[in-house]
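See below for the structure under consideration.
The first chain written gets the first letter, and so on, giving A, B, C and D; residue counts start at 1 in each chain.
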Amino acid sequence: MSELWYTEKQTGSYGITMKVKRTLHTEQTDFQYLEMVETEEWGNMLFLDGMVMTSQRDEFVYHEMVAHVPLFTHPNPENVLVVGGGDGGVIREVLKHPSVKKATLAEIDGKVIEYSKVYLPEIAGDLEDPRVEVKVGDGFMHIAESENEYDVIMVDSTEPVGPAVNLFTKGFYAGISKALKEDGIFVAQCDNPWFKADLIRQVQSDVKEIFPITRLYTANIPTYPSGLWCFTIGSKKHDPLAVEDSRFHEIETKYYTKELHKASFALPKFVQDLT
Amino acid sequence: MSELWYTEKQTGSYGITMKVKRTLHTEQTDFQYLEMVETEEWGNMLFLDGMVMTSQRDEFVYHEMVAHVPLFTHPNPENVLVVGGGDGGVIREVLKHPSVKKATLAEIDGKVIEYSKVYLPEIAGDLEDPRVEVKVGDGFMHIAESENEYDVIMVDSTEPVGPAVNLFTKGFYAGISKALKEDGIFVAQCDNPWFKADLIRQVQSDVKEIFPITRLYTANIPTYPSGLWCFTIGSKKHDPLAVEDSRFHEIETKYYTKELHKASFALPKFVQDLT
Amino acid sequence: MSELWYTEKQTGSYGITMKVKRTLHTEQTDFQYLEMVETEEWGNMLFLDGMVMTSQRDEFVYHEMVAHVPLFTHPNPENVLVVGGGDGGVIREVLKHPSVKKATLAEIDGKVIEYSKVYLPEIAGDLEDPRVEVKVGDGFMHIAESENEYDVIMVDSTEPVGPAVNLFTKGFYAGISKALKEDGIFVAQCDNPWFKADLIRQVQSDVKEIFPITRLYTANIPTYPSGLWCFTIGSKKHDPLAVEDSRFHEIETKYYTKELHKASFALPKFVQDLT
Amino acid sequence: MSELWYTEKQTGSYGITMKVKRTLHTEQTDFQYLEMVETEEWGNMLFLDGMVMTSQRDEFVYHEMVAHVPLFTHPNPENVLVVGGGDGGVIREVLKHPSVKKATLAEIDGKVIEYSKVYLPEIAGDLEDPRVEVKVGDGFMHIAESENEYDVIMVDSTEPVGPAVNLFTKGFYAGISKALKEDGIFVAQCDNPWFKADLIRQVQSDVKEIFPITRLYTANIPTYPSGLWCFTIGSKKHDPLAVEDSRFHEIETKYYTKELHKASFALPKFVQDLT
């Protein structure tokens, strides 16, 4: 009996392993090693530099939780920027909010967009929506050139290695603050507390220096290291924990609920200690 | 370069894999295949029939969340029963509650207790506490013979295969109800919603027929399938969501907090749909 | 760090494992599961039902040793039949013998031929040679319909499971005898002595009942189980150990030599005991 | 379903993988990382620095072929030295020759001897024989201090990394020549031609400068890389290919035969090209 398995070592001595039906596309792009793989358990999966980016089966968690927490926190999000996120999943969720008039995607690697459209169509499909502008280029530069422009900025980056290394710096958070309007909100994924506690502590500390309201929330993503993923929110004015009930309108979700919106900020003790 | 890795296939096509320093003990007991293994990432780990039971590094999540949620829900837990749980972790947490006068452990497999004491001493150490009575025997029978006796019963079982198969039946829940006092509470682990949705739906449905207050809560356990573990609580009178703030006293924990006590009942939409 | 590895369990508890760059083609054909995979160590590899058939790097051993041992044993091989062998490697070696006027390939699975031409061109290339006739169909039936026709028949089959199950029977060997001319020779791969001793013993015993000269020889094929592969030769008249030195003419090889022709019949004691 | 597998990467992108029942002993000795592991397929196995040294099931090949080829080549071997070989397998085979009066084992790592006696008793058992002298110490130094002393020297070393690095040098071969009597013979394992062609070429070239008769022979060892293992023989006077038939006396073997004695020097073309 023979089998093809893809193993992601999430640390030097621990990982997840997935049975693979076939590789759909593999390519060294200008920025990273891109693999699109068909797995039995999780459907098609996108890997960048050997790290799980998304899978057809559990992608909804990440995309919903990045998008809806800040968008329901902001009273009237109209102009939204997604940095990274070339698979289109965050954009899809953003467009569920009727207040949104424009959603800009700044993805450095056009190949991620190209192959997501082919192999992850239910994730990337809404990139064609007329409200969406896709900019293939450096999100860091795009942020630097923007001022008082966005209601919400979402950073959907890879780990702080490779092309995303600039997206985990104090300078970047300062740029985001400048690019946001005066009541703007930003959110960034910031890895997991079991293997990357130092990173979370650093991001929290850096964001706190710039945003008066800084908070951490979590979501369960089975294919991400430890299954517990963290998101840092930095807000100039609106507190995600103070959202009034009337603010929540109906959207179709599989993970996010208005109860979970607030509950996801209740942290395990050892995670709370990082903030 | 050569390496020894332990791979637990959590489904037929997905699993976790851990680098192993050495096996500490392996034995086919009268009930199951027991493996005590030293891993690099998680420390010593106990496997029963090839399933992760506990690891030194992340055991606190499971043990705290099984114990403290019902114990803080009950106003005055004095007499507590743990079914299964031979590693002693739940007992350790139970003993943190000063109201507890007696904690009984009903573990079917004495070998689990024996080797946990040797290789997981910081988990099993409190089994020697004078308030603890260890009964090596069938928890199902022990329940059947008890009536109006316990304030809280915790079912810390393996999956519903092998020796634990009887612990996932309506008859067992009825027995538990009988064994509990009139304001008693019971909790049972009930696996994860990504791979075992049907099991959770069934347990919820069965417990609801017997307990007026039935609820589901979750915790993040990295070494358990999907990282999101579920617990069903069945209560005759006290609602875990209605605990007054004054009820929470200080205990030392690494995962549980009084905020998380309630937040852990806010479920992802697709999990909520199982209840 | 993430990696894709193909593991062939050669027994229930042992196997080889290869790093995979990408899958080139996977398909359930009418007969078997076909995988064409690009590996780092062995180049492109063909798997049928999860068993290594051939790799670009070590294919020469098998193909040379199947072809040249019988072809140099026969004084004037003109008409040759290859049963199986859809990758074309045996045909390529057969055509190195100038005496050969016609080489027929009887391969049951046309997909093997089709994808070998695409992904293993240096193996399959000579299938286009005018001396070659490719018959896509059941080799067993082709043998049954032939009489006194071939000088040499080579059975390049998969293991005796799936489509090749009939190719390891006494009836098949009798059919081969009938299909051969009066001084004909046949050769068949017959697996390895470490894991399949019983199969070798059986094949030897069966062939001996039909062919006056029956011999076993071996070759080292790293990607095949145990690295030691066996071939049974059945001959009506010519003894492979009695070939005169003048019979050997120059052909270009990477494994076969005239010294090895005879030396490969010197068996390890435990293999000799199977004959 | 969970399983513990030991994977030896024989190259960066290829390896063998074995199901493990349990680790018997693991230890960083003064010289190397020693692992004694119980496998399902091969029985107990000894690994040094992550490389298979020997297994209960296939050890006979290596030990017989190292010992009997030179011992039957020498007309009257009385005084034999084994460098390395702490598991005792070569010594066991040496003692099968009644002419041998003394067999010295020079093993640098006493732990290899100690744990082989415990976990590989059928290999190491004869180390207690009165004809055997065990010297725990540097074989290189022992050779350097010996002159005109031995009839046959066998180098049963690990790969040329770690403690064995000096055993693959021209200086070592010169020392061996000095330590041998005027008609002495030496043999050394020299890895495999598929992954270590350069090493074989170098060893052959170096030994040729010192010994008038230099030859290469092979044996099939399934658990060693590629399954085809090479041995270099250097002889002052006696040619292993010129042994008279009357020289061979009966000994009990599972791999070696007098026919194979000579046939094992018939090399695959690509291996012959390395000599």
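Basically, contacts are C-beta pairs under 8 Å (C-beta built on N, C-alpha and C of every residue); 3 or more make two chains touch, one makes a residue touch a chain.
Here's who's who by UniProt: A, B, C, D = Polyamine aminopropyltransferase.
Since the structure is predicted, the reported quantities are computational estimates derived from the model, not experimental observations.
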Remotest chain, chain B as reference, centres from CA atoms: C
Rotation in the CA alignment of chain B with chain C, degrees, nearest 5: 180
Interchain centroid distance [CA atoms averaged], chain A/chain D, Å: 57
Between chain D and chain B, distance of the C-alpha-averaged centres to the nearest whole Å: 53
Of all residues in chain D, the ones touching two or more other chains: 7, 15
Chain-level touch network, classified as line, ring, star, complete or other: ring
Interface residues, chain B side, partner chain A - complex: 7, 11-19, 39-42, 58, 61, 194, 218, 220-222, 226-228, 253-257, 259-260, 262-270, 272
Touching residues (chain side chain A, partner chain C) in the complex: 1-9, 15, 20-23, 26, 35, 37, 47, 50-51
